[in-house]
Every structure is written in C-alpha cells, then in structure tokens.
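What follows is a set of notes on a single structure, which appears directly below.
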Amino acid sequence: MQKSAILTLSCTDKPGLVSRISGFIHSHFGNIISLNEFVDQNSGTFFLRIEWTLDHFELTDDDLKLAFKKEMREIDASWEIHFSDRRLRIALFVSKYDHCIRDILWRHSMGEFDVDIPIIISNHIDMEKIANRYQIPFYHFPLTKENKKKQEDAEIRILEENQIHTIILARYMQILSAEFVAHYPNRIINIHHSFLPAFIGGNPYRQAFERGVKIIGATSHFVTGELDEGPIIVQETVNISHRDKIDDLIRRGRDLERMVLSKAIKLQAEKRILVSGHKTVVFE
Amino acid sequence: MQKSAILTLSCTDKPGLVSRISGFIHSHFGNIISLNEFVDQNSGTFFLRIEWTLDHFELTDDDLKLAFKKEMREIDASWEIHFSDRRLRIALFVSKYDHCIRDILWRHSMGEFDVDIPIIISNHIDMEKIANRYQIPFYHFPLTKENKKKQEDAEIRILEENQIHTIILARYMQILSAEFVAHYPNRIINIHHSFLPAFIGGNPYRQAFERGVKIIGATSHFVTGELDEGPIIVQETVNISHRDKIDDLIRRGRDLERMVLSKAIKLQAEKRILVSGHKTVVFE
Amino acid sequence: MQKSAILTLSCTDKPGLVSRISGFIHSHFGNIISLNEFVDQNSGTFFLRIEWTLDHFELTDDDLKLAFKKEMREIDASWEIHFSDRRLRIALFVSKYDHCIRDILWRHSMGEFDVDIPIIISNHIDMEKIANRYQIPFYHFPLTKENKKKQEDAEIRILEENQIHTIILARYMQILSAEFVAHYPNRIINIHHSFLPAFIGGNPYRQAFERGVKIIGATSHFVTGELDEGPIIVQETVNISHRDKIDDLIRRGRDLERMVLSKAIKLQAEKRILVSGHKTVVFE
Amino acid sequence: MQKSAILTLSCTDKPGLVSRISGFIHSHFGNIISLNEFVDQNSGTFFLRIEWTLDHFELTDDDLKLAFKKEMREIDASWEIHFSDRRLRIALFVSKYDHCIRDILWRHSMGEFDVDIPIIISNHIDMEKIANRYQIPFYHFPLTKENKKKQEDAEIRILEENQIHTIILARYMQILSAEFVAHYPNRIINIHHSFLPAFIGGNPYRQAFERGVKIIGATSHFVTGELDEGPIIVQETVNISHRDKIDDLIRRGRDLERMVLSKAIKLQAEKRILVSGHKTVVFE
C-alpha cells in the first residue's frame, strides 16, 4: 500500500475549483487516485473529496498542510486533510447491549475499518470482558444526575489524551450534554433504532409495534444538541409482518443497527462524509 | 378455474376454531385449498382466511351464508364471505397525477387483479382520457368548500348504485369527510408518499428532502377519521443520496407509490387483509 | 412458555386433511396456535406445519407419536413431530473462516435460535478458541485424501452419540462424501457464497468479479449428492458497483453469508422448512 | 437550464489526467458541475465523466470537438462528447410484450429520460397502437429465417436515417445477427429476465421455478456477439416463495424488468455508462 493523502473540503461554489486543486496536487507530483465532487445547487456549496498518492510528492506532510492552509484561506473553505499512515482514532461509547460493539470489534479485527480504537468508555461494566478480549483499555464512568458534569469532563480528558477524532455511540444509552457535544461537532456518530424522523426518542421498537408499521429501520447520524435531529449518514429498513412481536423487532433490529452503524464507521474512516448544514454529503 | 369460496373472520381466540370451521367445510364436501391463521397474543384475537373449492359442495351460496351466519354468531366473529365468481368491485378516486391510475388500469388489463372497476371518480377532468381508453365510466365531481357535502353525497349514491366494495384513492388529493369515511369503514385504501408515521400531511417529499433522510418510502393504508393514521397495509422504501433533488424524490417516489398501492389492491382483491384495531393482519 | 408440539407433514393432497388433523388435535384437547398449509398444484402434494399447546392435552408424548403413526400411515404421509421441551440438536462444521460460526454462537447466546449446539467439528484447529469461549466441545478431524473415509466414519459416530438432528456447514471447506450425506438426508445445511445457480463451485466472488455482475448473493441450501444443487432455503443479494474489488465482495459477502445462514438455522430450529423434491416449502 | 457539455473518456492511467482536463475546461471558461472518475487498478485504466456549463465557454461546439480530438490523441483515449441541447436519440425494438415499452414511453412523457425516441421497430404489429398514441413512427419488419439479413439491412438504414445513437431492446424476442450488433458496439441495451449469469437463454422464469430459487432477477446489459454475455449495466432481484407459480414469477418479473431497463436507459441518456472490456463502469 502506497501512502496517500485525502483532502475533504467544502466552500462556496465558484469556477475553477477542481482545476485549481487538482493542478496544485499535480504540480507537486501527486497522483490523484480518487475524486468525488458535489455541488449543492440550493445553497451553492461545493464539496470535494480527493485522494492522491504521495510516492513522488515533493512536499512533506507539514509543508503540504501549510500550503493547503494558504490555498484554503483563499477560497474560504472548511477542510480537513488526512494521511493514510495516520489512522483515524475512534472511541467507542457503550452501555449494556453488546451487538454493536461486538460487530465493530470483530470487523476491526478483520481489517474492515482502517482506524485505531484506543479506548472504550461505558457507564456500565458489562462490556469490559469484550474490551479485554480485544485488548482495548476500558474506562468505566458510572453516571448519576449529580456526577454527570464531572464524569463528562473526565471523559473529555481521556478522549483528548488519546487524540480521539470521532466518537461512536454503539448503543450508548445516555444523552450527552450540550457542552460535551460541542467538543466534538459532527464527530460523534450515534445509531438510532428507527428510520428517523419516525419514532424519535425512547423505545422506538415499541412505538413501531404499536403503530403497526410494515417496515422497521435504523439510522446512523451525527449527534447535535437536538435529540435524534443531527445529520443523517446511513439508513436502512427491513420488512416486518403482523407475526413479528416486539421481541422480533428487537432481534431483527439488532441486525439493522450493527449493519447501519458499521457502514457509518467505515465511511467516516475513509473520510467519505461531509456535513452540509443539518444534512450530509456521503461520497460512496 | 374451479369456483371457490373465501371466508375471512376474526374473533376471540378459543380452542377448536380451526377444527370446527374446517370440519364444517369438509362435512359439506368442500376441499380446502388455502388456510392462513394468526393469533394476536396481545389481544387474544384469532384471525382466519380459508379458501375451499365448491365443485362438490352441497350448499348453495345462499344456504352457505345462512349456515355460516349461525356458526359465526356462536363464536361471535366478524366475518366476510366471497365467491370467486363474484369479483370484488372497486372504484378509483383520482386527481391530476396519472402514475397510479395508469399502473392500476394496465395491471388490471393484464389480469393481475381479480376485480371489477366499474367507475372512476375525480375532482378534475385530467384523467378522463385514460378512463375512456379503458372504457370505464368517469365521473367528475369538482369540489369547493361549499359543495363538498353535496358532492360526497352524490358520490356515495353512485358508489352504492355500482355496489362498490372498496375505494382506492390513487393519489386523490382531497381529504374525505368523516361522514364519507364512515360509509366505508376499512374499505378505503390510500397511498401516502412517505414511510408513515414520518412526514404526515402535505408535501412529504419536500419534508424528506429538507430533513436529509437517506431513504424515502410509500405507505398504503386504510383511511380512517384521522389523517394518515389508518391501519397500514404495505410499506416500502428505497435508498436516496445527497445527489437527489426534490424532483428526483418525486420521480423515484412514483415508482414506490404505484408498486405499494398495487400490492395493496392485489391483497384486497384476494381478501388477504384483515383489520385488527388500528393495525392489519396481511396473509401473504 | 407453555409446552407445545409441532407436526410437519407432506402427502398426496386429498379432501379433508386439515379437518382430520385439526379435529384429531382438538378431540384430545390440544389448542392450535399456528397452522400453515400449502398445496403444490404441480405435484398434487399437501404440506402442513401445525403447532398446538399441550397444557390440557390428554395424550403423553409417546402415545401421541403412536397415535400419529397410525393416522399418518392411513394418509401415507412423510411426517416429523417435535416437542418444544426437546430442542433441536445441531452440530456446526467449520474450517478457517470465523464470521459464520461467530454469528451463530452469538445469536445462540442471545436466544435467537431455540436449539442445542452440543458439538463443533472442524478439519482445522483455528476455531477451537471460539468454541472454548462458548464452552462447546470441539472435535478436530484433519482430512487428507487417504483418511477421509475413516474420519467421516468417526464424525458420524460422534454425531450419533450426540443425537445430532441437523448439521450446519458454517463455511466448511470440504466436500462431504455421498455416504456421509446419505446419513443426513435433508439435514445438512450449507451456505454457498453466491446466488445459486450462478457461480457454482469454487471462488464464486472471483467469478462474480470477473463477470462484472452488479449484485452478489448468498444461498443456504440442503446438501445432496450433487455439489451446490440441493434444495434452496434462503437467498439474498446486495448491490455492488465497479468500485468493489474482490476483497470488497468478500467483505460484503460475509454479511450476506452470516445473515442467510442464520435465517436458515432459525427456520430449521422452528421446523419451518419442508422439502419438496429438490425444492423447499418454507413456512415463514 | 443552462447548456452544458459532457465528456466521457477512458485511457491508460497516468499522473495529471484530472488536472489536465479540468485545467483545459477552466482555461476556456467552462464551469465544472459534475465530475466522476475511476481507476481500474487491475487493468490500469482511467475512466472519467465530466460535465461543465457552456455559458461563458469561449469555444464553439465544433472548435471544442477539434480541440478535444487533439487532447485525446495525446493521451490516447477513447472518448465521446455530448451537448445538452442535442438529446440522445434512441430506437425501441419490441415484439409482443407491452410492459417495457409502455413504461418507457410513459416515463419519457413525464420527462424522466432526456432523450428523443424517433422510431419504434418491431417484428410484430401488436405495439403499433401504443406507438401511435405517443405519435412515434412505427416500423414493422416481420422476420423469417430467409428474410432476416434483408430486414436487418433495412432496419440499419432507418436507424441511420434517424441518427440513432442507442438501441433499446424492450423485450425484443429475436436474436440480432453478429453483423447487426457490430454496427452498434456497446450501443444496444437488452433486458434479460433473470439475474445473469444464471438462467441464460430461453424461458428463465421456468428455469428459475424449476430450480426452486428464492429470488428472481432482471439484468440490463449491452448486447455483444455472445448471447446474454455482454457488459452488465443494472441488476435487481426480488424475493419469491414456494407459493409463487410460474405466472407469479412472470408477473413479478415484469415489475423488475421495466424498472431495471428504465434505469439503464436513464443512465445511458445521462452518459453515465462507460464500458471496460466486458464490464461496465456506472457513474451514478
């Protein structure tokens, strides 16, 4: 595997952006291996994900960053740059359900996600055993109404010490405070066990059962200050019938949840998700 | 094709129901060719759909009905009986969109639905041409706030004259009055262009676009007094992406809508839908 | 959970079968809680799955079997009876891939399958650790051309000692001999990593990649003497694109394989699969 | 709608291609509104689809073509250029089944395909009425073993007179000669009613029924000299069950066929399909 760089950016659309950026890369002897672009006609916003190999590239990583900072300032873009030899660092937040964490850790062991998972954080101790098996440090932060602020502060310290880029809520059954969320804007991914915006909030399978829907779904989304209202990344549904009881919905939902959350993690690991207001651009 | 009878029923569950009903049919020389049953454990309700051939059956249709009336009273059941030589009579209600009506009439011409469609009713005249092509009488009832009650009364007269069993709202863009709906309890099928309960009401594709969902859906359901709250019959979804504009959602939604509505009509034609409170039992 | 009995049977169709069997059950105070029937019009074969509670049933399990034996002889049926307090006993056969076995054992631990898994058999030792974690005896039968017959005989002995009803080939990378298969007719379930009958035999993902298909699939089927030709139980597909390399097909296929195999196991555990020649009747 | 140009090209991958082409467009004041690229790592081939608006573009269409001819020669590329004000011209070939042609013509009337359909060709007269309704000239070429060569020559003359770019075989039940196919390399799109490569040749629904598969599918593909072996464009499948008879497969297949063929037409109309050996690159 050659070392490569990935640039993601969004800015107001204007002529010449692709030419400018691809020209810059080419002029420094980078070879583009993947390019996705999208223009949101409504808002006039340009989105780009571009990846190039660094074999013959003449800039060091730091020089590249510096050069890009200048370029990006000129076109007034939000941007991020990633190097393939520095893997995205993610933290898993879990509670008592094990299906998502198991699936993520197994997929990780199979090499499906090109990320590092240096820590697992939980408000319960149930998942410690699995964390141990995969030799990932497990931090237990029991939560009460009283200690929430203090515990979240401690969590943030550990996240920062571990240089965590993205937090994955793998069925984490606690609502994060607005302050916590503000530390990781569009960097916290949740799995909600319904096809949002239907069945917001608690017990969506029960809500689905009681409404008598013929499909159930799962939604992965970035966490914002508003519950279940963040930018949606991946959604999937599956057909159900009158024979399915709530337990069947929960069972079938587990399959959806782990599939939908894993897809979001893989997309994030590959820097394929760009945020556009309260929506996402997903370059598959 | 042999002549057959279909009995659908629901009642409080008790031991011996299948044995009793299948025994009754067999004792009169009917041969059961299809049987579906379901017990809703929550409510303790028994649902049955049973079909048998009438070749050697020793009761006339009328005697059978009389005999069943007695049986059904004893087990205190809601029930309906249908004979395969008397096809379900349905009326189509349409407005200006043509995709659903076209699909229904073409499928009908292909023999997909074993129904009669004696009338088409519309608040506009746009669909008259298609109705003519298929030689189906077309009734135009323009609607205003003032004439609504009068027009609905006239519609009911025509529906009754034509012995309509089920009304299909094939993108009929008017809300029926509670009085009208009460004439056809669980006999009016609507297509809503979203995966209910998300995006109730007007312009669901715009709502979906603005929320940034990654799936869109369509829902066929029985019409009740509450808007988009009736028992759901069929739902399907399809994946969309950030590249899809509202027009794309509308275009892709047309495919979903006609598919989902046609499935509901076929199920109704074959008496496969039983209502259970505000939910349905669908015997596929 | 009440104790219940499930009868599955198939025989030449004739009038009165449902009435006869449901009448028999009712006359002995069984309460039918689920009934599925199907008549294959081509072959004139009747298929039935019927489940009833045994709370007030007046026959012992052995007397019921005896009584049924007589009934079934009269209608010349193939049949099987199961009691909910005696779980289906299955053996897992595995080689080196872990995704299917992991998924099965985890689902089993969640209570998704109402089966016992008393043994795991493998021609390699790689999966022993997982077997140990779930505390299931692991038997290692290394295979060579020379020892195959001997090893299979030893496997059969262990299977019989453990009263195994159904064998699950969870990516078992060996072809079973015709003699072995004959011991478990329609009781060995395999997962093939393609949508059969496409891409029979080895390396189906490579075959799919080279043909340039836009979907890949997985198929669970009963094993017969002919490779990949047995009765199909469950099939699913997923869309792929030109961007997917063989490794991506393998990765995405893993998700399909475990889903499709798990569905087949659940169906078998609930006795929902009846074989009809080289096809299956699956009562979902 | 602004006028735009679309360039599709493939060539041996080398550094600087995106920069070069986007630079060329930008230097002449074109504004790129869409860009897709793909590098096939196996063959080292670069694929590009790039669209830009021509409002401020300083080259005439002819000058642009000339300039591109030079550019493309230098990088030794296969390429095509399209202008949004000159719609793709397609011909429909049909026989007796009406579901695909109906669907295509209706979608066309809804503006789903940005194409012209100047002619419909058939070996039967059944579809003439529909052609008339949409006011499209209908040509009847009855075929026998003896007249095939002569008739195909006449068809080619009409196709050329009408400047047809792409031929759509909308359930055309004749095999085109190798000579005919050679006139339209990768410009004839067929719909095959199975998930290829399974069930090649005649009567795939019967083949599927007899094999007892649990899914059926449809495949749109370019026509080559080898039957059902051309590059695949779109494939979809749907679940079936033991209850589905051959007629049900045919009925359900109709829905798949029209959906899959329509998707291929839309992709072709938007120049999103590039051929790569016997496979396709589809830029969705």
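So that you can tell them apart, the chains are marked A, B, C and D in the order they are listed, and the count of residues begins at 1 in each.
Simple rule for what comes next: a residue touches a chain if its C-beta (ideal position, glycine included) is under 8 Å from a C-beta of that chain, and two chains touch if they have at least 3 such contacts.
Note that this is a predicted model, so its numbers are computed, not measured.
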Which of the two pairs, C-D or A-C, is linked by more C-beta contacts? C-D
Quick check for the class: compute each chain's Cα centroid; which one is farthest from the centroid of subunit D? C
Rounded Å distance, subunit A centre to subunit C centre (Cα mean): 38
Centroid of subunit C to centroid of subunit D, CA atoms only: how many Å? 42
Where in subunit A do residues touch at least two different other chains? none
For a test of understanding, state which residues of subunit A touch subunit B in their complex under the given definition. 38, 40-41, 195-199, 211-215, 217, 219, 231-237, 239, 241-243, 245, 276, 278-282, 284
Please give the residue numbers of subunit C that touch subunit B in the complex, ascending. 15-20, 22-23, 25-27, 29-37, 39
Subunit A-facing residues of subunit C, complex: 99, 102, 106, 110, 112, 251, 254-255, 259
